[in-house]
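One structure coming up, written as structure tokens, with questions to follow.
Going by the order they are written in, the chains are A, B, C and D; count residues from 1 in each one.
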Amino acid sequence: MVDQLPQTVSILRVKKETPLIRTYVMDRSFVFSPGQFVMVWIPGTDEIPMALSSEKTITVQKAGDATNTLFSFGPGDKLGVRGPFGNGFTKGEKVLAIAGGVGAAPLLPLAREDCVMTLLLGARTEAELLFVDQLDECTDVLIATDDGSLGVEGYVTALMDELNLGAYDRISVCGPEMMMRAVLTRVEEKGIAHKTEFSLHRYMKCGVGICGSCCIDPSGLRVCRDGPVFPGDLLLKSEFGHYMRDASGRKKDI
Amino acid sequence: MVDQLPQTVSILRVKKETPLIRTYVMDRSFVFSPGQFVMVWIPGTDEIPMALSSEKTITVQKAGDATNTLFSFGPGDKLGVRGPFGNGFTKGEKVLAIAGGVGAAPLLPLAREDCVMTLLLGARTEAELLFVDQLDECTDVLIATDDGSLGVEGYVTALMDELNLGAYDRISVCGPEMMMRAVLTRVEEKGIAHKTEFSLHRYMKCGVGICGSCCIDPSGLRVCRDGPVFPGDLLLKSEFGHYMRDASGRKKDI
Amino acid sequence: MVSIRPGPVTVGGVALDNHLLLAAGILGTTASSLSRVLLSGAGGVVTKSIGPHPKDGHAGPCLVVLEKGILNAMGLPNPSKEFVDEITSLAKKPVIVSIFGSNPDEFALVGSWFAGKVAGIELNLSCPHAEGYGSAIGTDPALVEACTRAVSKSGIATWVKLTPNVTDITAIGKAAERGGARAIVAINTIKAMRISTGMKCPVLGNRYGGLSGSAVFPIAVRCVYELYETCKIPIIGCGGVATADNVVEMMMAGASAVEIGSAVYHDVKVFETIQADLYRKDGLTPEEIIGCAHG
Amino acid sequence: MVSIRPGPVTVGGVALDNHLLLAAGILGTTASSLSRVLLSGAGGVVTKSIGPHPKDGHAGPCLVVLEKGILNAMGLPNPSKEFVDEITSLAKKPVIVSIFGSNPDEFALVGSWFAGKVAGIELNLSCPHAEGYGSAIGTDPALVEACTRAVSKSGIATWVKLTPNVTDITAIGKAAERGGARAIVAINTIKAMRISTGMKCPVLGNRYGGLSGSAVFPIAVRCVYELYETCKIPIIGCGGVATADNVVEMMMAGASAVEIGSAVYHDVKVFETIQADLYRKDGLTPEEIIGCAHG
């Protein structure tokens, strides 16, 4: 083992994906499994967790301080990267992927690995759908938008009802927590929660399983190290969909 | 690499070899090459370098504080051992070994490896000859004593003159420095210094090549790490046989 | 290997299930993570340090894993008083709450929230990277004594955790003892820094941080040994403990129990692992081991 | 990797062949070992610390190699005045003699033996395991200032080597500066101990020793960084440097040159190795690197 100081990378290119989402291409590749994340150091601001959307890209949604600063960065600017960390998605033969918003980021590399039969993609409106073209190239994409501007009107859960879920051996989900909780409720009703897995977002400080800021109730599991991908049945009776913690450790509602 | 703290060993048995030399059998074996040494910690007293006379023995001549204390130790008493350290003797096909006094200690395991054709063994008097029986078992032993009480009367160098030194591909020497210097002078005269090697004794503190207390002039080589076995030609124009240094680093004559 | 005979353990007024405690700030923010560590074999757990006001902590990076240690500057993030509710579910467990403040009154206030609700309180007078807290106070014997007394006078078992970033740690240990501490915990992290040569600036958001893990073990052993020669109250050894033999070594230096933090990085079940190696029915009694390397 | 443009180096009044010096007490007892290290690429060498009287040093064990560091308590063995003759053969070389004493007069005396015979003198005010010497004096700013002045007033380039075993290393750095030091060397070893659990006693003959090597690198970087923020004279970084990137990191923290000791254990040609990695014709100038991690 060697020192795991952040690796310095340069931004090669920035791609505008949606009004609020950009992809940053780095000058270095990381060996990773889809679903794993890196801790991205934006010098002078903060360090935040980001899924790898490919071996050399992260795909970032503007959310607050750190991501705002990142949005001001362009080619040649430097980032520090620790990782990849976490477990990633379990590989399956026939996977159904369900993505909401920027949640498509960790699912794109999974789809590219050729195991995803179908991918349900949701967003508020057409302009906010992420990776439509790239996903279309490698899997069967079904779309839902809240306003019906593309695909089915409504939530991705609506798309689920049209599928024969029994045909899939795994269901992999990443998106806003309310959307993921809705998916979990649906699969629980159908008795297939054990076949599902969810990539969680929790506030993270260390990223390596030591500080405790990302632990979930009641298992005490660490999202950064034991996750971020957890089996659906483990999340059934948990804080998931109900509350999370902020930087100080206080609970806040989802 | 792990912490190299001294290993604690227990003395199983003590064997009186000569009036001033004892062999200590330890309850642990060390993987070593003949000529390598260990740093032996005699608790409360000091830590001193000792050649391994077999994988689980050291053979000690009473010399001063530390060895005196060691002579008071018996079965069950504990020692700390760091090492083995140093380079050991070069293996050859047909080796002539030359031992003086306790210098037979590192040469016994070499003889046991079956490459020593002839061994010249010297001491002041018959009672002080070390390992006569053990050496007899595995090689051809020729003896010299200063007082002629056994074997040839005089120094081991006298025995050399009776041999065809050209028949050996290596000559390995360990003994009092004056005796070793005499051997070096003899082999230099015969132009075969490059075929010889000498195991040096120098004052040692660290044993691992960092403190500098065992360095020899003019090469600055470390007896503990670059040695203790050095080729004869390297020693020709050196302090060898002339002076060494004490614990403070001051020169003292041999 | 030296092993220990299992049996009841009471240190500094707190009954523990064994000699191994979780150190403050490691998986210590939620009741469920503390409970997970207890279930995996810790004899007791120390919580994240709780202060008078909620704090988000320093900007990231907050932690980097080094070859033989961990460098961190979390900046004492904590939920403050909300933590009282958090740990009600652990009421009967060997839980020690770590607290901090910037003066004796703040220590007394935070301590009072937990009185009667936890097995003991550990004063963080030692965090090397939080302005106005931790070692900013913990290097001054008079302040250490005053803060300790402010909490200990309530009668709760009070432990004081010391910083090694001082010229003479025994002077601080004696101050804690005078203030009524029931035990001394040594050591907190050592002030340290790494610089990203690629970025040309310190790696941690706070620039300065604290070093923990195997790298500091020889320094922690030295501190415990020095404290054992000068203080009468029990010492809890902390810093780089990662194996059963490390535990024995700390105890021989003078520790009555140990806290373990960074080793959780390599093995979240480190308590289970160490316990299995450490205890044997035919082992030595703790009394035979504690401090036996002296004299 | 950041690399440095080769060129003449002068630090603290001493002209060096490059930025890499051999640290005191490593292969520093004889002219021939110092010469060997110079030939293998060191830009300068610091000798073993020389005192007013010959000393044999502590009883063994004097040194143990740990996984990520070295623990030693040599006890300042030295030939005293005989060392003047020892190093006459190195007269024109970048040799700095490390000296120690128990008071300003002793420092002045030992310093005077070497005046005009060496490129500079480094005051060991920092060895953590020699009663009455080293850090016994080096933790007191007034004594540091007085010892420094006692040597520097002769006009010889005087460097002062600091101990990290203090609450505030910058106070000691400023004292050295006031005393006329031309450079500060930071750090000496950190007071530490290991216990043999098999033997039930401390491993080192002197019980206490000093920790060096990779384990202390983050602490050394922090000390250099702190000193750079407070002192005006150049700093020579020391402690755990083992690679070219470590050298760059020390320089970014504020070091104008570095000393290397423990890394010699792994590679006696470490100076050659680092030099090959560190210098490039198209590298940055030292001025662009030194202290660039500040502000």
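To be clear about the criterion, a residue touches a chain if its C-beta (ideal position, glycine included) is under 8 Å from a C-beta of that chain, and two chains touch if they have at least 3 such contacts.
No experiment lies behind these values; they were computed from the predicted model shown.
The chains in contact with chain C as well as with chain D do not exist; no chain meets both. Averaging C-alpha coordinates per chain and comparing to chain C, the farthest chain turns out to be B. Centre-to-centre spacing of chain A and chain B amounts to 67 Å, using the average Cα coordinate of each chain.
Centre-to-centre separation between chain B and chain D, using Cα means, comes to 36 Å. Chain centres here are Cα averages; for chain A and chain D they lie 50 Å apart. Annotation for chain D: residues touching 2 or more other chains are 66-67, 194, 198, 201.
If you sketch which chains touch which, the chains link end to end in a single open path, with no loop closing it. Contact annotation for chain pairs lists A-C, B-D, C-D, with touch applied as defined. Residue ranges of chain D in contact with chain C, taken from their complex: 1-2, 66-69, 71, 139, 165-167, 190-195, 197-198, 200-202, 207-208, 211, 214-216, 218-219, 221-222, 225, 245, 248-249, 252-253, 292-293. Within the complex formed with chain D, the chain B residues making contact are 1-8, 39, 41, 43, 45-48, 78, 80, 82, 205-213, 215-222, 225, 245-251.
Only residues 25-37, 48, 54-57, 59-67, 70, 72, 74, 77-80, 82-83, 86, 194, 196, 198-199, 201, 203, 205, 261-262, 264-265, 268 of chain C touch chain A when the two sit together in their complex.
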